[in-house]
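Look for chain A in each of the two complexes below; its partner is chain B in the first and chain C in the second.
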Partner chain A sequence: MNLNELWTLLPLLILACGALVVLLLGAVEPGRHTTWTGVVCCCGAALWAVQTPPLVSVSFGMSDTPLVRSFILFFCLLAAAVLIVSLEYNEQRGIHGEEYPATILFVTFGMVAMAGATNLLVLFLGLETMTFGFYILVAIDLKRGTASEAGLKYLLLGAVSTGFLAFGLALLYFTSGTLESAALLKQCSGEPLAVLGWGFVLIGIAFKLSLVPAHFWTPDIYQGAPAPVVAFLSGGSKCATILFAVTLLSTIGNYSALRTPLLALALLSMILGNLAALLQKSIRRMLAYSSIAQMGYVALALLAGGAGGFKAALFYAFTYALMSLTAFGAIAVFERSGITDQLEDYRGGGCKEPFAAAVLALSMFALAGIPPTAGFTGKFMIFAAALRSGETAAAVIGILTAAASAYYYLRVVVNLYMLKPEKAGRIEISLAEKLVLSTAAILLVIFGLFPMLLDL
Partner chain B sequence: MNDSLLLTTLLFFPLIGGLLLIPFLGRPVLARQIALAVGTVELLLASFCWLSATAPPPAGAPAGFFLFSSRDWIPDFGVRLILGMDGISLLLVILTALVTLVAMLVSWRSITKRVALHYLLLLVMETGIIGVFLSLDLFLFYLFWEVMLIPMFFLIGIWGHGRNIYSAVKFFLFTLAGSLLMLLAIIGIYLLHGDQTGCYSFALNELVKTTLPYSTSLWLYSAFLLAFAVKFPLLPLHTWLPDAHTDAPTAGSVILAGLLLKTGAYGLIRFGYPLFPEAARACGPLLMTLAVVGILYASWVAYAQTDMKRLIAYSSIAHMGFVALGIAVWRPVALSGALLQMVNHGLTTTALFALVGMLDERAHSREIAVFGGLWGKIPRFSFFLLFFAMASAGMPGLNNFVGEFLILAGSFRITPLSACLAFLGIILPLVYTVRFLQEVLFQTERQPLLLADINWREGGFLGLLALADIYLGLHPEPLLAMVRLPVALLIGVVP
Partner chain C sequence: MTMNILFYILAAVMIVATLLAITEKHPVHAIVYLVTSFFAMAGIFYLLCAPLVAMFEVIIYAGAVMVLFMFVIMMLDLGHPEEAQRPAFITWLVPLILTSLVLSSVVSAAVFRTFPGGSNVEITARAFATVLFGRYGVAIEIISMQLLFAVVGALYLGRKGGGK
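So, the complex of A and B:
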């Protein structure tokens, strides 16, 4: 192992060692500073990504291209933001202990490993590290039955999907004899066993992205898990999975055999996700179905891959992560005042808590794809790619479902600003929370107006 | 002043002014005064552009544009920040600044909660509408087209009355559904143009060069037409309008009727016809039919209304039907008439909604059946109501008459039948207007109401609007001269 290779692995080392340090620190002196240590570790790993020049060297199945760099930076900052948002939320919910920040660091470790992986085994390990961390995080709120239920559901269904993914990768290995993704993917595009392997991998991806019909876990997890964890799960894990899918699909080049299943996944997710979201009374379940629909748009972008679809999918991955962070960050703030996740509890939120309400409303407009937010620009890129690759019918269906989806996003805004509150109650927002949420909200608008700043 | 600077300032000044109000969210009086100052400066700035109209066209500008600016924005997609002003844009921008100013004055006393937010939204909307009238890049146009919706949604939803939330959501969804398909069509023509020329661009003067197969252009044009027809509104798509107008606060109704309806007509003139000339001509008869049916139906329905705002809302649909007819004929005289009618309708309806708003503010009712004998009680108010109602009904000598006359004169040669039927549309408004005036102004008092006559603030802007009405009714030539060149260039006849 030479120095260059050590450089490549440095963010992983920072995150892994950071997690261990946090665990040790918690054993000696528990308290809020464990979380802040986690934030520092994340920022340190992020700094690495900005600081050092990119290296082309590949070792341990890890690469270090500029694209990987920007994703590493993003995952680390997202983790830091989630940790900061969790501080007050966890205190109020009674989630104490150093295992929370440590697990977040381990999950980030998994995401970073996934982002850089060039070897399918490393990729799989990264994905599993991430998912394993989420099994814990989803159920970390031990006092709530819903959280335990969500955790169990996620664990059982997640294990099944891992099985599919592992079997798919094994089939691909069987047909090609290598695990190096670039070599493997070029070799085996036509063989029946390889196609079967691809099918299994696609099922695994569909589960992680919660595409219909692999979406059943989503509403319960979104409803039961702590709000910052949902922000991380919805933003980070989906972002990493999209990167995974883009890396795989862009190396095979011609994946016409996957067109029909991908199209079906995209259409079903867009239509059913949006329709189901229309019926929800809980804001968290509504956002869960909305995430299913949003991932349907990403699947459409993956389908249109070569025609700019990959770029659109990656842009949307970033954007969706920001939207999840702002939406669930604001929900975390609101829930501190003791309200439930029912939409009617958000009545008059604009008067009670103007800052969080503004952030939530902005993320709703972004999710609905209204300019000048990044949600609009991302949808624009996706539909442009879909039309360019000739998927006109899918694009028209997609845009009609997007129009319908505006209704349920607007309902949140209506509740926040246009209905009278039933009970008053102010929430204290810490400066750090304000800083994180307003940065994310401003970035949503900036990336909407200047998408070229996200150089993908 | 440099073109680019002037246009950018004109466009973003209200937005910046609006954002400056954020620190004053808790101080209503100050926020109101700042907003009024910003609105006034914007009107002066817009009027200042009139002086540039005679200046030689700047380098690189498409023919007819006397102010033009083009900058890089998103190079990856070929999106440029292209702004341009010709005679048509100039008239509509001045109208926007004027109507927004009136909307601010109208809500001076009637808005009592979240005052600063109200003015902030008005200013943001002003930027959105001016952006629609100035953009010459389709991406930019679409951006502003959608951005206008958000402030209006909040205006209706927060300060409206009655079933305001239902109306706000209905308004938003109708317009969004229409315009999302337009977005697909915009992407479609962008890709087709890029594939043909190798240069991917959203600039209007590039995209007009695209050669499209007839069937494709028909599809793309229908998506554009749908978006514009919702805004217009043309007949089967009009149902959002009466609800939105009725439930909006006065300022909201004023801006909806005075400005937002014009954006549909403007989009059709600026983008619909030039981009898809063949398809647009083929759809001409359809547009004419919808326009004429809309005129007659809306006038008929207006007669049955008991709520004054609803009555004016339906009369707006009828008036916009005339504009649609003038555009559908696509001949210089009729198109000039349509443009003039857009300005006229903007001025008159603004005044009418403002008047009804004042009455509502004083008596807390807009039912025709509540009022009676107002002439004896509040004569100045009654004078203005009579004046603007007659102007709206097309009284010769006042502004609406000129526009309607030009549209009918221009369309008679092309479609005598439509013109004859639309002529009925000049008579029908007299029926419902006279009935409305007679009940409200002249009958005996039906309920004892203590009403204050209009004050200086209200009289000031009403007087200004009335003078504009008379001036445009007697001497519309300066406006017609302003649009002559752009109209000739659009239609393709040498002036």
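So, the complex of A and C:
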């Protein structure tokens, strides 16, 4: 190992050592500063990812291309933002302990490892490290039965999906005899066993992206887990899985055998997700079904592939993560005043808490795909790519369902601003929280107006 | 040729034992079938010129992990060992067949000592370690972090009622 390779691995090392330091610090002197230590580690890793020279280190299975670097930067900053948002929320919910920030760092470690991986083993391990951390994070609110229930459901279904993914990758390895992803994936696109392997991998990806019919875990987890964790799960985990899918699919070039299953996944998710979201009374469950629908659009982008589809999928991964962060960040702020996740409780939120309501409303506009937010630009790119690659019917269905989805997103805005509050209550928002949420909200608009800033 | 036959025998044993492990109602019996399956798998690894992996399979999976499973079952008192009776001969039959098959295959593999699949080179511990900690060094580190957080998560979630 030479120095350059060490530099490539340094973001990983910073995050891993950071997690250990946070654990030790918590044992010696527990308190809020463990969270701040986590934030500093994330920012340090992000800074390092920005400034190192690019390098592909074949011997360690890690690469450092500009795309990888932007994802590493993004994952680290997202983790820092989630840590800041969860400070007050956890205090109020009584989630103490250094395990929380340490596990967030651990999850980020998995994401970063996955982003840089050039061989399938590291890719798989990174993805599973991330999921593994989420098993803990989802159930971290020990006082609530719903959180434990959500954690158990996520663990069981996640274990099944891991099995599918591992089996699929094993079959791919079996057909090609190598684990290096680029070489492996080029070789095996036609053989029946490889197609079978791809099928299994696709099932695993569908689980992680919560595409219909592998979506059953989503509503319960979105409802039961702490709000900042949901922001991280919905933003980070899905963003990382999209990157995983794009990495695999973009290297094989021709994947006609996967076309039908991908199309089915995309159509089912778009239709079922949007229809189910229309009926929800709880804002969290509504956002869960909406995330299923949004991932349906991403599956459509993956289907469009070479015709700008991968680019659109990656762009949407970024923007969807920002939307989740703003939506669930604002929900975390609202829930501190003791309200439940029922939509009625958000009545008159605009008067009670103007800042959080504005952020929530903006993220709803973005999710609905209303210009000039990044949600619109992302959807535009996806549907344009789908039309270019000849998937006209799927694109039309996607556009129609996206139009229908405006109803339930705007219902939240109506509740926030056009209905009178039932009871008044004040929520204190710290400066750091305001900074994080407003930055994410501003980025949503900036990326909507200038998508070329995110040159993927 | 012998090795191919041995492979098919071991593979059949493995599949039968795994199926029995899944369908068996008694947890202790299920574990013993799983151990049988692991032993057969170790034999297959041996046939694939990987004696080291075969050894790991026996020591770690068939040995340590299964003993752990057994401990958990005993602790949760699912096995009801006090109700155990001397089993009838017919219940002995399947395990006996499986065991004798695995044992005879392993013995014959050890006696003939030719490896199938072109290369007759046995993978030594040194070669194994070079690849494992060289090319897959990052993977090892990731797994070690996973194990650490498995402990952290179990300790945290195992607390009663969320108290400190």
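Observations on the model:
Basically, the second predicted complex is superposed on the first by the 452 of 456 C-alpha atoms of A that agree within 3 Å, B and C clash if a C-alpha of one lies under 4 Å from a C-alpha of the other, contacts with A are read in each partner's own complex, and residues count from 1 in each chain.
One rule holds for everything that comes next: a contact is a pair of C-beta atoms (placed from the backbone, for glycine too) under 8 Å apart; a residue touches a chain by one contact, two chains touch by 3 or more.
On a predicted model such as this, the values are computed, not experimentally measured, just so you know.
In the superposed model, A:F109 makes contact with chain C only, not with chain B. Applying the stated contact rule after C-alpha superposition, one finds that A:L165 touches neither chain B nor chain C. In the superposition on chain A, A:Y417 contacts chain B only, with no contact to chain C.
Of the two partner chains placed by the overlay, only chain B lies in contact with A:F383; chain C stays clear of it. Contacts of A:C239 after superposition: neither chain B nor chain C is touched.
In the superposition on chain A, A:A293 makes contact with neither chain B nor chain C. Within chain A, no residue touches chain B in one complex and chain C in the other. Partner chain C is touched in their complex by these residues of chain A: 9, 12, 16, 19-20, 23, 59-62, 94, 96-97, 99, 102-103, 106, 109-110, 113, 121-122, 125-126, 128-129, 132-133, 135-136, 139-143, 151. Only residues 134-139, 141-143, 145-146, 148-150, 152-153, 156-157, 159, 161-162, 164 of chain C touch chain A when the two sit together in their complex.
Every residue of chain B that touches chain A in the complex is listed here, in rising order: 74-77, 142-143, 146-147, 149-150, 153-154, 157-158, 164-165, 168-169, 172-173, 176-177, 180-181, 183-184, 187-188, 190-191.
On the side of chain A, the complex with chain B involves touching residues 365, 370-372, 376, 380-381, 383-384, 387-388, 395-396, 399-400, 402-403, 406-407, 410-411, 413-414, 417-419, 450-452.
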